[in-house]
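One chain, subunit A, appears in both complexes that follow, with subunit B as partner in the first and subunit C in the second.
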Partner chain A sequence: MDLGTFLQFLAAGLTVGSTYGLAALGFTIIFNTTGIINFAQGEFVMLGGLLAVVFMHWLDPGLPAAVILAVLATTLVGLVMERLTIRPVQHTSVINLIIVTIGVSITIRGLMMLLWGKDTYVLPAFSGTTPIPLLGATIAPQSLWILGITLLVLAAMRYFFSRTIFGRAMLACSFEPKAARLMGISVERMVMASFMLSAFVGAVGGAILTPLTMTSYDVGVLLGLKGFAACILGGLGNPFGAAAGGLLLGVLEAFGAGLISSAYKDAIAFVVILAILLWRPSGLFGAPDTERV
Partner chain B sequence: MTRYLLALATAFVFGAASPVWAADPIKIGAILSATGPASFLGEPERNTLHMLQDQINEQGGLLGRPLEVIIYDDETEVNKAVSAANRLLSRDRVVAAIGATTSGNTLAIMPRFSSAQIPLVSMAAAERIVKPLNPWVFKTPQSDRHAVIKILEHAKSEAFSNIAILTVSDGFGQAGREVLQELLPAYGMNMVADEIYGPRDTDMTPQLTKIRGLNPDAIIVWGTNPGPAVIARNRVQLGMQTPMYMSHGVASKRFIELAGEAAEGLILPAGRLAVADQLPEDHPQKALLLEYIQAYEARFNAEVSTFGGYAYDAMMLIAEAINRAGEATPQAIRDNLEQISGFIGTGGIFEMSAEDHNGLDERAFVMVRITGGDWELLVE
Partner chain C sequence: MKSSTLRQLTPVAAFYVLVLATPTLLSHDYYYLSILNMAGIIAIIVMGLNLLLGFAGQISLGHAALFGISAYTTAVMTATYGLPLAVGMISGVGLTAVVALVVGMPVLKLKGYYLAMATLGFGLIVYIFFNEAISLTGGPSGFVGIPQFQVGSFVFDSDLSYFFLVWTTVTVVLLISLNLIHSRIGRALMALHASDKAAQSMGINVARYKLFIFVLSAVFAGIAGVLYAHYLSFVAPSSFGFHFSVQLITMVVLGGMASLWGGIAGTVFLTAMPEFLRAYENMEVIIYGLILILCMMYLPQGMAGGVSKLIALIRGRFGHVR
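Then we have the complex of A and B:
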C-alpha cells in the first residue's frame, strides 16, 4: 500500500471516527454522573444535523448561525429530557432509567419524522468542496473542520473537567454522590448539566458531519450504536478514552473496508470490540478495576 | 319524537352514502410500504392509488360499478405484509391485489395469493417475482436486468472494458450485483473490483480509494438514496475523474439535490417519466406521462416519482383487464392480464403473455446524464 492510499484511509477513518468519538464522549459524561447509559445519545447527534437543516430552511440565518442554533436547541432538548423524564423517576433503579432513555430516543425520532419527514437532507460544506491534495491523498475541507472542531471540543471538555469548579463538582458526583451532596454540591444540578453537556457534544458531532454524510430522522440509531461501541473500546468511565475509542473505531472501519472487504465493515469493528472485551474488559483506556454494568 | 328523528337521520346517512351507485363496488386490495424505510417508494404509490380511485370513479367506475381500493400499510415489514394479505383475502374478499412495494414483501405474500387464486400485481423490481412464472403473479417495474443491459450497452459504445462495481448490501443491491456479475463477462468486460457498502453507511471513501488504485475505465454504483449520493460526493472529494454509472434506483430529483454539484456528469438508466418533457412529440408514452405528472403534482403538491408510476401501471393494467373481461372475477382478471399487449403505461409499453408476466424489456429505459442539475436525455 502506498502512502497516498494509507493517508486516504486514515483521513476517512478519523473523519467518521470524530463523530463516533463525540457521541462516545456524550455517553461517558452522563454515565459518570448518573450510571445511566443514555440511549438517546444517537438522537442528540441526529438533532444536531437535522435541526441545522430545519433552521436553514425556516429562518435562513446563514450556515454558521444555523449550526449554532441547532447545537443550542439540542442542548435545550437535553435539559428538557432530564427535567421531564429522568428527574421525576430518579430514585428508581438504573435499568429503569435506561429504559426511559430508550423511550425518549424513540419519541424524539418519531417527532422529527412527523415534523420533518423521512427524507435525507444535506447541509452545505463550511468552506467549499474543493479537495485538498496531501501526499498523494485528497482531503475534503470539511474533514479538516470536523477534526479541528472535535479536538477543540475535547480540549474544552478537558479544561472544564480538570480546571473549573463546576466540572470538578460533576466529577465529584460521579465518584461519590453522597459525599458530594454533603459537600454542598447539588447532585440534581450536576445531572442536569451532564445531560445538557452530552446533548451539546453529540449535536456538535452531528452538525459538523452532516455536510459530508447527510442526515435523516433515523441516523441516530447507527451513530448511537457506534458511539456506544467506541465507549466500550475506550473505556466506559473515561471520557477521553471513549473519544479516542471513537477515532480508533473509525480508523479500523476505514482500513477494514479498504483492505479486507467492505462487506464486513461493521463486523470488523464489532469483532475487534469483542476481542477487547475478552482481553481487557475495562476498555483500552479504562482503569482495570472499573465496575461495570 | 326521538324515534322519528333517528329514522330521519338513518335515512339521511344511508341516502347520502349510496345515491349514485346502484351496484356493489369492485374491491381491489393494495399492500404498500407507506411508512418505514421504503416509504419513499410507498408514499407516492399510495398517493397514486388514491388519485386513480377518484379519477376512475369520476369517469363512471369500472363496468358501471364503483372502484374501491383497500390500502394497507405494511410499514416495510414482512410480517405486516403477510397479515395484510390475509386480511385482504379472507375479510375484504378482493378480486385482485396490488403489492407489495418491496421485493422481499412481495415474495412473502405471493404464495397466499396464488393459493387463493387471486391475481397479484407487484410494484417491486426483483426478477424472481415473475421468474419462475407464477400464474397469479404479475409485476410492473422494469427488471434490474434491463437496467444493467442499458448501462452495459452504453459502456460498450464508450469502449470501456475494465469495470468496477460498488453495490449496496440490501435486497436491491444484491439483485443488481448478481445480474452485473452475470452480464459483465457476456459483454466482454472485466470486473476489476466488486465492492459493497451498507445501506446506512455515511462514508464510502475507503471503497472508492481501493477502486481508484485498480484504475478501472468506469464504476457502476447500485443502490438507492442516500448511499449513491454519498458515493457521488466521495468521488469528487477524492478528485476522481473515472466515469460513474448509477442505477435506476436513484432516478429521482431528490438524488440530484442530495449529491449537489457532485451529481454532474453521472449517467444512469431511467424510466421515461424523468424526462417526459424531453421525449420526441410522437413518442407513444409522452401524453400519458405528462398527464400523470400534471395530475399528481396538482393534487399532492409534491414531485412525481417513478415509484408512483409503478402503482399507476398496476392499477391501470387491472382496470384494463376488467374492462376486457367484462366481468370482475379473479379468474377473468388473471386471464385477461396475461393477454394485454401494446398497453401504454408510465414504465413502458407492456406486452404481457403467458410466458412473461412483466411485459417489459430494456427498451423501457432510456439513458440520461445529469447536466446542470437536471436530467438530459441521451439519444438512443
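Then we have the complex of A and C:
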C-alpha cells in the first residue's frame, strides 16, 4: 500500500471515528455518574444532525447558528430525559434503568420519524467541498472540521473534569456518591448535568458528521452501538480511553473496508472488539478490575 | 422433589387446557391466531433467555442471531438442498447448539456490560453474514420457498394447525424449564446469579453451569427458529437483528425476570401490542416506547411482580410475595 492510500484510509477512519469517540464519551459521562449505559446515546447523535437540518429548513438562521441551536436543543432533550424518566425511577435495578433508556430511544426515534418522515437529509459542508490534496491523498475539508472540533471538545472536557470545581464534583460522584454527598455535592444535580453533557457531546458529533454522511431518523442505532463498542474498546468508565477507542474503531473499520471487504466493514470492527475483549476484558486503556468478594 | 414436580404439573396442565380452548374462544379468528403463533414462537426464545438472564444472571444480546442461525439452516437444508424436514430441523437446532458452545466457552468468562458487548458483537457479525452471504441466504431481500411443516401425510398449512403445534411446543418447553429451575441445576444457577464466587466456593462448577444454560437457551432459540422458518416459509435478515435481541430482553424484563409465566405473558403482550396500535400508523412506535418507559417506572418487577403484588393486596398481606 502506498502512502497516499494509507493516508486516505487513515483520514476516513479518523473522521468517522471522531463521531464514535464523541458518542463513547457521552456513554462514559453518564456511566460514571450513574452506572447506567444509556441506550438513547445514539439518539442524541441523531438529534444533533437531524435537528440542525430541521432548523436550517425552518428558520434558515445560517449554518453555524443552526448547528448551535441543534446542539442546544439536544442538550435540553438530555435534561428533559433525565427529569422525566431517570429521576423518578432512581431506586430500581440497573437493568430496569437500561430498559427505560431503550424506551426513551424508541420514543425519540418514533417522534422524529413522525415529524420528519423516513427521508435522508444532508447538511451543507462547513467550508466548501473542494478536496485538499495531501501527500497523494485527498481530504474533504469537512474531515478537518470534524477532527478539529472533536479535539476541541476533548480538550474542553479534559479541562472541565480536571480544573473546574463542577467537573471535579462530577468525578467525585463517580468514585463514591455517598462520600460526594457528605462533602455537600448534590448528586442529583450531577446526574442531571451528566445527561446534559453527554447529550451535548453526542449532538456535536452528529452535527459535524452530517455534511459528510447524511442523516435520517434511524442513524442513531448503529452510531450508538459503535459508540458503545468504542467505550468497551477503550475501557468502560475511562472518558478519554473511550474517545481514543472511537478513533481506533473508525480507523480499523476504514482499513477493514478498504483492504478486506466493504460489505463486511461493520463485522470486521466487531470481530476485532471480540478479540480484544477476550484478550483484555477491561479494554485497552482500562485498569484491570480488582474485585472484592 | 416429586411433590414439587406435581405442583408444576397442575398449573401447566391448566395452561394447556387454556391453550386448547383458545381457538374456540377466539372463534377461529385467524388474524388473532397468527399473532398468537408469532407470540408462541417468540415465547420459546424468551423462556430460554429467562433461564439465562433471570435465573443465571447472564445477559445475552445475541439471541436473535441464534434464532436466525437455526431458521436459515433449516431453510437451506430443506429448500436449497431438498433434504427431508427432519434433517432440516435437527441440523438447525444442532448447529445453533454447536455455535452457542463454541461462542459461549470464551465469551461467558466475561461479565455484565462486557458480556453484553461480546454477545452483541456476535449477534451483529451473524446479522451481517445473513445480509452479505447472498448466494446462501438470499441477502437482504430474504429467503423464500421454505416448505411447510409435515408429519407423515399431515401438512401444517393453516394458522390453526400451527397454533396447536407452536403452543404445544411452548407447553413442553415450559414444563422442562419449570422442572429445571426446581432441580439441583436450577438452584446452582440461582446461586451463581447471586454470587459466582460464593457458588464456586460451594463446589459449583460455575463455568460449566453457565455454558450449559447458555447452550440450552440456544437450543430453545433453535427450536423457535425452525418453527418460525417453516411457519412463515420466508426468512429475512431484518428479523434477526440487534433490535429483536433488545425486544427479547424487554419481554423477559417486562414479564418479570425469573418468572417463566411472566415471560410468556410479557411476550404475548409485546407481540400483540403493535398489532393493535397499527391503526395509529406512525404513532405505533412512540406508543410502544412510552409503554416501555411507563411499565418500567410503575411496574419495576414486571407483570409477574405486579400480579403478585395485587394478589398480596387482595389477601391483605403486604410485602414481597414470590
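Here is the rule we go by: the second predicted complex is superposed on the first by the 289 of 293 C-alpha atoms of A that agree within 3 Å, B and C clash if a C-alpha of one lies under 4 Å from a C-alpha of the other, contacts with A are read in each partner's own complex, and residues count from 1 in each chain.
The criterion applied here is as follows: a residue touches a chain if its C-beta (ideal position, glycine included) is under 8 Å from a C-beta of that chain, and two chains touch if they have at least 3 such contacts.
These numbers come from a predicted model, not from an experiment.
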Inquiry  = For A:66 in the superposed arrangement: first (subunit B), second (subunit C), both or neither?
reply    = neither
Query = Looking at the overlay, does A:247 come into contact with subunit B only (first), subunit C only (second), both, or neither?
reply = neither
Task = Using the superposition on chain A described above, determine whether A:93 touches subunit B (first), subunit C (second), both, or neither.
result = second
Message = A:122 in the overlay: touching subunit B, subunit C, both, or neither? Say first, second, both or neither.
response = first
Request  = Using the superposition on chain A described above, determine whether A:107 touches subunit B (first), subunit C (second), both, or neither.
outcome  = second
Query = Just subunit B (first), just subunit C (second), both, or neither: which does A:263 touch?
reply = both
Task = Name the contact category of A:229: first (subunit B only), second (subunit C only), both, or neither.
result = second
Shared contact residues on subunit A - subunit B and subunit C = 263, 266
Task = Within their complex, state which residues of subunit C touch subunit A.
result = 59, 106-107, 109-110, 113-114, 116-118, 120-122, 124-125, 128-129, 132, 195, 197-198, 242-243, 246, 249-250, 253-254, 257, 282-286, 288-293, 296-297, 300
Ask   = In the complex formed with subunit A, which residues of subunit B make contact?
value = 35, 39-40, 169, 195-198, 200-207, 209-210, 213, 225-226, 229-230, 233, 236-239, 254, 257-258, 260-262
Touch list for subunit A against partner subunit C, complex = 37, 39, 85, 88-89, 92-93, 95-97, 99-100, 102-111, 113-114, 221, 225, 228-229, 232, 236, 263-264, 266-267, 270-271, 273-274, 277-278, 281, 291, 293
Task = Enumerate the contact residues on subunit A facing subunit B in the complex.
result = 5, 8-9, 11-13, 15-16, 118-122, 129, 131, 133, 138, 140, 209, 212-214, 216, 219, 222, 253-255, 257-259, 261-263, 265-266
